[in-house]
Structure formats: structure tokens, C-alpha cells
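The following blocks contain the structures, represented as C-alpha cells.
Shared between the two complexes below is chain A, which has chain B as its partner in the first and chain C in the second.
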Partner chain A sequence: MSDTPSTGTQPTVAEKIFTFVDERVGLKLLAAKMLNESVPGGSRWAYVFGSILLFIFIMQAITGVLLMFYYVPTADHAYASTQYILHDVDYGWFLLSYHFWGSTAMVVCVFAHMSQVFLWGAYKKPRELIWLVGLALFALVMGFGFTGYLLPWDQRAYWATTVGVEIMDKMPVLGDFLARFLKGGPTPGQMTLSRFFVIHVMVLPAALIALAGLHLFLFRCAGPAGPFRGAPAELKAKTDYFFPRQIWKDVVGMAVVFACISAMAFWEPVVLLEEATPDPGDYHPEPEWYFLFIFQHLRLKMFSGELGQFLGSMGLPGLLGMMLVLLPFFDRNPERNIFKRPFALIGWVMLTASILLFTVSAIINRDFLD
Partner chain B sequence: MNEHISPTKLGFGILWPAFWTGLPFKLAFAVLFLAFGIIHFENRIALAFVMLLASPVTVFAVPTVTLALGSNIGEGPGIALLFLLAIPIDIWSLGIVGRTFFLERLRREPPGGLGLTLWWKCALVGAIYVPILWVAQGAITEAAIAGAYSILEADVLRGIPVAEGISIKLTLWSTVATVALLVLFVVGFSLVGRMIRRTVQSAGHAPENYQGLIVRWDLMRVPLDQGWMLTALSGAAVVLSVLFWFSLPVFTPHPHDCCKKPEVMAEPPFKPLEILNENEKMIARLAAQVELLVEQRAKSELDKEQSKGKGKEGTEIVEAPDATKPAAPTAAKQ
Partner chain C sequence: MQPQLKSKVRCLDREVGEVSKIIMDPLSHEVSHLVVSMNGTGERQVPMGAVQVVTDGLVQLRSSSSEVMGMEPFKREDYVTLHEVEIPGLEKQIHVTPGEVLVPFPELERNVKRRAFFANLTYVTGLFIGLPLVYPVMKFLMKPMYAPLDNGWLKIGNIGKIKTEDIGIQFQYKRKIKEVYMPEAEIEKNVWLVKATPAVLEKVYQGKDVEFLDASGKAIWTNKKDMPYLAFSGKCPHLGCAYKWRKHKVLGQVFLCPCHLSIYDASGKVLDGPAPRSLDMLPIQVTAGGEVQIIDMEFKAGTKSQTRIV
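Let's look at the complex of A and B:
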């Protein structure tokens, strides 16, 4: 793609095609708008998480489509078809393992992206809408993880879903309806699998594409927030366009994430447990790792009893979610430097530490039960 | 120019970006070696990642930790090869980070051969300090775990439920271990900063104003020939991708019990001439055996006839029963 004609008198075939499309679509203008975005303070590694998330989503979509060529979403064939993918399809084990670890990477990168926005104070006016749409995208990513976990139809999948739906059941007003709708019967079965599959491969991807588009549109309207500290002269001197430096950093970030997910797929490829049955046997039911911290604090005595279980499973996470939604509206101080916002810094450290602590506690508790 | 930059800030300011600058290249090799099956990290992948990330300081410390302290980050010949390949990558990354740091943060002219100078200084500090850090951190963590367990085993706290007990113990020992690790890291960065301070002091001041410095700093981060750089990187990416798909196992290296493939025994190759010769030899051998048996039979029959003739001439000889004929029933004799 070149803006200037080649040195010869006649344009090349590529230039002719480019001109043809440009006359009809306005490619030059589009490319200029996409690439010549001003980045205050210059490119930074801290800004790569948004692009990385887009990359992970694309890779999840590609691997997901390839897996769907072989996967059968029925209760009597889901397990066998997953085993077939793992053992008989060429490179099937790598595709499935990449898809599995990709979902984990997505959760980690969403948390990193949200942390970066929070710590940089990039949710403040005029970027409140970007933050809200971002929160909705975070919920969708968690939904992807929750619905995808059931599909292999082994004991781990079955019981993680059972525990997850039971936690959802404790939600006031909507909880009972949602739990019954998702399960489609008294115990997880064919209806559950069908509904989770459709939500996983149709509803959530469509919603994510729409919201991600809106997120990007709002981001381009408001513009990047830039670093939270630095003298105006320094920021002005370092201000740069999105292309090429930020794009280069994004590409390197994507390569690193691809390498990390591949390394995880080699290190710990997906291995299924026994086929799902309503009898857990020796298996101790637990949700997937990113819900383990909620699961572990439900084991605490202070959250025992019906009220305690509700508070632990829905009350506190709901309160946290509500605080995140309202954050840009009650935090109206224009100060963005995180070192001058002690409550924000302490709050983030406490939340991250408690999530880590309870997740590791759940793993130790699992070993204790085993 | 920040004349009074602390050694910790100096060490951290150079090492931290250098760690991440070299990582993508090192990761590419690590993934390839994993695909080749010459590296096995077992349960220590997080530790292996940290050691690889920090290879400018851990490159000589890893053998010490493995051989002298009996603790390894994984197995396989690929680990040694990986850390060997990390050396030129680290020299390059320390060079590029060092030059930009000298110019932008210290406002000094970066001296020639900066990457190599920074690398050997970092590697030297790491070779001595990282094993000390390893031992100290291990001892502190063990002591903290023992302390946390002994606190929870006190009579007053015995009634604490299991889940609460686990979280309290984890909080107690992990807080101590994390604080100790942070302190040890700060000391380590400070040591590296002290080692490279002399290089900073011997560098001359940069003559330009801030805007001029930023322009130079910015150009330092961009390759001189971008087309060549893009071509080289694209070529490397293609080669790595081909190698990756070539080395990637087709089937899972961890098959489930229910789906283990049956062991197929390969049949020996069919060689008609050899088999024909063997059969001919066998037929000849069997024919010789049959001939021998016939001769023996004829000889024994001849001997019998001769002995019968002798018996008729002398006393009557009682004939021994033929083993091949069925014995006569006892009742019939009676």
C-alpha cells in the first residue's frame, strides 16, 4: 500500500487495486484516521493491553471455529468428541489447549487493562462511558469463561457449572430464573449443554464484537488520556502518533502473549477427567480458577447460613460491581496521579491482594480435602 | 540531568526495561525448545519464567543454584542452550536500554560498548548475589511458614475452622516472605546501580537542550533502515513459524487413560527370495530327516525279522507288546 505512484509512468496492479478501492471506500482517509491518532506523552508499554485483548479474542475465535468442526454439543457425544479432538485430530490437542489457556490469558489481561485504566485515572471525565462499556466487556469475558467451561462435559466441567449456577441462584429477583433458564432442568443435562453452547458461540461473541466496537469508538472520540504525571513540556516533546511506535509495541505484546499461551499449552495440555455424571465420587466440586476466590470465602464461617451465603456470593461481589460502575461519577477529582490518590491505591492493592490470597487459599484447601 | 540519582533507581531504571526488551526473543526460543521437547519445566514454570526474564543477572546464577544448591528450574539440555542464547540478546537489550537511559534520564553521552559493559557488570553481581538471595529467601520463607503454623497451633487458636486457618496462615507467611523478597530485590538493584555508577560518572554531558535530546533519544529507538529491519523481522517470524509447526507434536503428549492408542507391532518386511531360500533349506532338512527315519525303520524291521528267525530255531521267545497297538483288555484274558 503506497500513497505515491511507483517510479514508472504506469501504476502497478497493486496501486490500481488500491486506487479502485480508495475511490469507493476512502481507504486513505480511513488509514490516516486509524493510524495518525495522537498519543500524548508518546507510546508506552502500559497501553498495549487493549490491543492484546483484541488479539486474544481473534485467536479465541479462530481456534474456537476450528474446534467446532469436530465438537458435538450433545450430552452423549460432547465428551467423546472432545476426546476425539484431543487424541485423533491432527494438532487438535494444541488447538484445544491454546483455546483453554487463551481464556485464562483473556481474564488476566482484562484485569491488567482495568487496573491500568484505574491506576492511570483514565476513567475520569470525559471517559466515563468508555469505563462503563469496559465493565460490560469484563462481564462478557467472565461469561465466556463460565459457559465454555461446561462444553468438554467431564466431571470438572459439570461440577464447576453446578457450583456456578448455584452461586447464581442466590441472586435476588433474577437468580432463580437465571439458574432455571441456564440449567433447563433439575440437574445439568442436554438442555444445559445446548444453552451454554449457543450462548458461548453465538450470543456472547456477537455482544462482544458490538461492545468492543462501541468501546473503540468512544475511545477515539475522547482520545487517549496519556500519562498521569510529567511536565507539560516533556509530554509535548514526547507526543507521537499511534503509528508506528505504539503499533510496534502492540505487535510485540501480542507476540509475547502468543508465546506465553503456547508455552502454557505445552507445559500443561488439556487433559479431561472422567465423563460427567451426577455423582461427584472422589472429585471435590469447584468453579474455574477465576471464581475460586469467591468460592473460598464462601467456606468462611462468617458466610455460613443462607444470609451469609447470599452476602458472600452475591452481596459483596455485587457491591464491588456497583462501586466500579459508579466510580467515575463519585470520583470527580481531576487529579490522575495514583500517588496522589491514596484511597484508590490502597483500595486496588487490598482488592488484588485479597483475590490472590483467597485464590491460593482455595488451592491449598483443595489439597487439604484431597 | 539528575546528578543524585540513587543506585537503586539507577539499577532498576536500566534492568527493568532491559528485562522486558530481551524477553520476546528469549520467549520465542523457549517456545521452540518446548515444542522440540528438549525442555521440561514441570511445576516450576513461573520460576523458570522469572529466571529467563531476569537472565542478565541470572545467567551465571542458574548453574550455581542448580549444581551447588541442588534446586533446578526444570530439566533438559534446552535450558543450558536457552541461557546461552540469552547472552547476546541481553547484551543487545542492555545496550539499547542503556543508551536511551543515559541520554534521556541522565543527559549524558552513552559511551561505546555500553551493552557489553553493563552486561558483564550485571552478570557478575547476579552470579554472587542471586544464590545468596535464593538461600536467604528460602530460609526466610521456611521460617515464616513454621512460625505461622506454630502460632495457629497455640491452644487459644486451636478452634479456628479449616478455611479461616488456611487463609490466616497464608497471610502471615506470605506477608513476611513478600516483604523479605522486596527488600532483597531493592538491595540487588542497589548493588547493580553501584556497579554501573562509575560508567555513568565517566560519561560526558550531552550538549543538546531537552528537545534535542528527545529527538536523539527517539531516533535511537528506531532502526536506521526500517525497510531492512521489517524484512529481517518478517523473515525471522516466518522461519520461527515454520520451525514451530514442524516441531509441534501432531497428537497430545498426555493421552487420557480411556483413549490410549493400541501399540501397533510393525510386521517384518517381506523378502520373497530370502523366504524362498529358507523354505527350500527347511524342506531339504525335513526330507533328510524323513529319509533317516525310513532307514531306521527299515533297519529295525530287518533286525526284528532276524531275531524271529533265531527264536524259531531255539527256545520260544515271548514277543514284547507293540507300544503303538492298544493293550488287550484284562477281562478278555480272563
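Let's look at the complex of A and C:
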């Protein structure tokens, strides 16, 4: 008795290749394990931000590598090579602008992702480790933004970095060493550019890939937390697999983000200020928008004086950071419904509102500075 | 205990077959049903509620064989194996051992002391490679961090530029610097000069000459307290921004830093804002012809005490 399939069609080339690899690697099983992760309570739009962040990182890596074909990280060529990319290389303006707006998109999505995890209580047992690795990833993303900003070597880049590193200098004990290490000396210069470049294109990407891998692994160990409401039977009935329904939502999210970044790259392409000089002249130093809230609250009277500046720039953010790290350890209440966690809800609202407030007030403040 | 595969299944009246599969609930991670192979007459799906007791090799049901025959036939297409789906944490809950697959334990590996020795040897080799590298790598990275200071005098302009007393006048000058391997560059810097009246001078010097020392403690220069020209470093002691001389609504003519709104009077004293100390004074000389010279120094920003860094 023949055991050929009743349809009698020959396998396609693609199917043959797939079978070849599958026999040696177990591709079918691997694909099943990767794609058939069950999402209790069904796929949700709220869950897309993690995948979107991965997408943004990959795009940043691709555009970043392309930029490196032309960018030269020395003080005498950084500005000129960046201008060359912007004005002379075909679509250079688009790639650099995409890279620039991509970093903004990354920060926005990091905030969205962290908020979603926090509000859904998905940092609670058994997901504490995922949360901690996630906080480390958050720090890396901020590091990327800070180091990348210097590279064009225009006034904006140079001065935002100078002020930022001086703030780091205020850390007790290690501050001076750390600031000199980052600057490559007592003042910003070529050494600073070299160090920021290596950190931005090698050290941070390696760390991000490693930690993101760990983050995903830990996430798969624990499984998606799912909705914070609903009886177990209800959630089981609505269980989706990761593929296709959550993947489809993730893909739509990625497409939307790609469209937004591209639109910003078209409408607001990168424009450099004059080349960096040690004298800021008429330029008012300002950090990237996602550091503006710290920049602004350092202007408050209560943070004046050496101790005040330390508290405002390192003490308070440091305290907030510690609280976030300890969050899954002092919040042991298994309740995940945000509407039954008043402290969590109020805390999140207050933090988000104050960050928004300080950011907006920093922007308004610009007009009053001359 | 959990039922085991291949355990015999017995009803109230007689033995009916054996456990061929286990079905687990993906949410509660507990066994929900047994699939009993009914001695050649197909498979039935038996809920765990029908199980009276599980012992080693035997599952006793609380129903009769005819009741079990009437239970749901098992539909394989409604289920997937654990290879085909990822249920986190499920495998930890299974104690069903689907037979054990054995391979011989190599003779050479049975010596535990030997394994410990080789593990330790790996660590020692790692330290042997890593430790000697720590110091050279640290020095490598630290090379440019603590450069020696330059105490050369720079000509920045002529006193004739200053017409009024107690007013800040900016002097812009160029300084040649050679940073590591970079070609010698000329950078633009600025200082603020004030021709001070005795009252302002008194505020600055408070009766004492100001001495500038080098790294070893030797005096480089002394600014005399009766010399009327003051030179302030162009960098704000708060965070290093360049500040300006401006008219303030309330405080009059002041030095104002646009970054964080530190305000200083003509003597460099802090009037308002986050600045931790007054403006940094620089060594200054004026020749007979009115030529002004300063030593370009930079001080660490944001600290109450003054630490020279350039």
C-alpha cells in the first residue's frame, strides 16, 4: 500500500529546503515552541510595546551601521562627516533623521512598556527578575541616548554632554573618577568623542543584546501574565497563541511606529547647529527632550547649593531608581488589578504627571532665557 | 501521588485497561483527565473526579466499567503534546515518568574529586589570564584622565577696552591647544574683566592677596588686593556654561548665567540661583602699556570648594 499523500502533489523547493533543515535541526519543533506560546486571556494591543522596542532597536542598529559608513568620530571630522551625510549622501538625511527620531520613539515606547508592566502588576512574583533586567535595559536606553547625542559634535551635542557629565561628577566618592573617565580628561574633547563613540556603537549594543536576550528568556520561563481581571476559566477559554494573533498586533504596532518615525524624519529632518566650540556663545545648553524634566527641576530653588544640586540630579533620581528596583520585593500583594491597587495607581499618575509638567515647563522656559 | 503512564486502571467491578495518556490543565498545572486505553476497545477520557485512589502502578476508579465505557471517547485532534506548545512551568508539575531512558555513566567521570580539581583548575587559569590584565587595562583607559596643568600667560587684549568701573567686560581670546594626537588647534575662550572700585575689591579680596598654587603646592602667582582689575573665568561655577553681563529687573547690572539662572554681582558673589560658590578668579597682570595677561585656568563646576582641573 502506497503511503504518498492522497493529494499526490510534489513538495515545493521551499518545502524541501525546510524539511532538509528540519531533519538536522528540529526546525518544526523549534518553530512550534517559539510561536505557540499561549497568551492567557487572549492577545492584546497593550502587550505590543515589548516587541515594538525590539523592532526599534533593530532599526537603530541598521541605520546606525549605515551611518558608520560615512561618520568619522574625531573632533576635526565629526561635524563635517555628519553634514556630508545630511547634505551629500543620497538619503543620508533620511537615515540620520530616522536614527534620531528612532531614539525618541524608543524612549516613548520604553515608558509605555514600563507603564504597561507596572499597571498590569506584571512585576510581581514570579516575574521579579524580568522587572530587574528590564530596569537595566531602561538604563541602557538612556545611556544610548546620552552617548549618541554627542556624536554630531555641534553646539547642541557638545554642551548637552558637558552639562550632563558635570552632573555625574557630583556623585560622591566615584563622581570625579567617573566624569574624568567619560570625558577622557579634565575637560571634554577628542578623548570624550572617542569614548562616547565606542560606548555607543560597541559596549551598549553588546550589553543590550545580552540583556534583551535574558529578558526574553526570563519572560518565556514565567509566561505572559495576562489580564489583571478575569476568572481562570474565562482566561483559559480566551487563550490565544502568540502566533498569529499577538504577532499580528505586534506587526501592526511596528508598522505604525515605522510610519511615525518616517513621518517625523520627513517633516523634521535633523538640522545641525554650528560646530562645537568651548565657548557656547549665544547658545543655551539643553539636554535631549527626555532629560528635560531633570534639567528643569534642577532650576528649582530647593535644589540650589552643592548639596541641593546633588540631591536634585542624583539623590532624587537615585532614590526613585532604588524604589523601582525594590518594587517587586516590598509589594508582595498578589493582587494585580490596578483599580484595587490605589497606591500604585496614584503613584504612577503622579510620576507621569510630574515628568510631563517639568518637561513642558522646560520647553516654555526657553523663551524666557534672553 | 500522580497517576503514572501504563498504570493499570480498575473499575469497581473489574480491570478495564491502562493509562495511555495524561491530560493537564494549562492554567492550573494539574492533571485534569486520564486517557484510558480500554483493552482494545478504544480510548476513553476519564476526568480525575472519577479517580478514587492512585497507588503505585494502579489507578482505582469509583465508577463501574459500563459507566467508563459510556464516557467521552478520546479525540486526539483536540490536544497537542508538550513539544508543540509552550506552557511555562508545566514541566515542573509533572511527576509522570514516561519510562526512563538510560545511558552508561563513563568510568572516568565517576571520580568526584577529579571533577572538582578540573573545575578549580579552570577558575585558576581564568584568574591567571584575567588578573594580570586588570592593571594594564586600567592604566590604558586612564591615560588621558589626569593631564598636567599649563601655567602659561596669555595675552587677551588691552585695558583701554574698559571704560567704566564695576561693569563686566568680556575679553575673547584664542588659545592654542594640542590635545593628544590631534593637530594643534586654536580654541576661542572668554573671560570677564571688571575694573573694580575699592568697595568691590574689598568684597572680593577681603583684605588678603589671593595666591595661586601649582600641583606640588608651589606658588605660581599672587593677585594683589589693590590691583583694580579682576579677571573671572568665563565658565559658570554651577555647571560650566558661559554666562553674560545683563540688566536684571530687580538686582540691576549683574552676571547672569542662562543655563540655570545663577546671578552674580560685579565682585563675583552669588546673588541668586544654584551656583555653589562665587565666580572663579584668574591670575591677571597688566603691563605698563595696558596689555592684559591671564593664566587660563578652569575649575571643577558644582562644588563649594574650588578645585583646578585645567
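What we mean here is this: the second predicted complex is superposed on the first by the 356 of 370 C-alpha atoms of A that agree within 3 Å, B and C clash if a C-alpha of one lies under 4 Å from a C-alpha of the other, contacts with A are read in each partner's own complex, and residues count from 1 in each chain.
Convention: a contact is a pair of C-beta atoms (placed from the backbone, for glycine too) under 8 Å apart; a residue touches a chain by one contact, two chains touch by 3 or more.
Remember, predicted model here, so these are calculated numbers, not experimental data.
Q: What does the overlay on chain A give for chain B and chain C, a clash or a fit?
A: With chain A as the common anchor, chain B and chain C both fit in the superposed model.
Q: When the two structures are overlaid on chain A, which partner does A:L235 contact: first (chain B), second (chain C), both, or neither?
A: Touch status of A:L235: second partner only.
Q: Name the contact category of A:F266: first (chain B only), second (chain C only), both, or neither.
A: first
Q: With both structures superposed, pick whichever of chain B and chain C touches the larger number of chain A residues.
A: C
Q: Look at A:S361 in the shared chain and tell me whether it touches chain B only, chain C only, both, or neither; answer first, second, both or neither.
A: first
Q: Pick one for A:L29: touches chain B only (first), chain C only (second), both, or neither.
A: second
Q: Does the superposition put A:I167 against chain B (first), chain C (second), both, or neither?
A: second
Q: I'd like to know which partner A:V256 touches here: chain B for first, chain C for second, both or neither.
A: After superposing on A, A:V256 lies in contact with chain B but is clear of chain C.
Q: Determine, under the contact definition given at the top, whether A:R299 touches first (chain B), second (chain C), both, or neither.
A: Touch status of A:R299: both partners.
Q: Quick one: minimum Cα-Cα distance, chain B versus chain C, in the superposed arrangement, integer Å.
A: 9
Q: State which residues of chain A lie in both footprints, the one left by chain B and the one left by chain C.
A: 299
Q: If you look only at chain A, which of its residues touch chain B in the complex?
A: Touching chain B from chain A are residues 45, 83, 86-88, 90-94, 233-234, 237-238, 240, 245, 252, 255-256, 259-260, 262-264, 266-267, 269, 271-272, 296, 299-301, 357-358, 360-361, 364-365, 368.
Q: Using the touch rule from the top, collect the residues of chain A that touch chain C in their complex.
A: 29, 32-34, 36-38, 40, 74-76, 159, 162-163, 166-167, 169-170, 176-177, 180-181, 183-187, 189-191, 220-223, 232, 235-236, 239, 241, 277-281, 284-285, 298-299, 303-306, 308-309, 369-370
Q: Which residues of chain C touch chain A in their complex?
A: 25-28, 80, 83-89, 141-142, 144-147, 172, 179-180, 182-183, 185, 187-190, 234, 238-242, 258-261, 273-276, 298, 300-304, 309-310
Q: Which of the residues in chain B end up touching chain A in this complex?
A: Going by the criterion above, the answer is residues 20, 23-24, 27-28, 30-31, 34-35, 41, 45, 161-164, 166-167, 170-171, 174, 210-211, 214, 218, 221-222, 244, 248-256, 258-259, 261.
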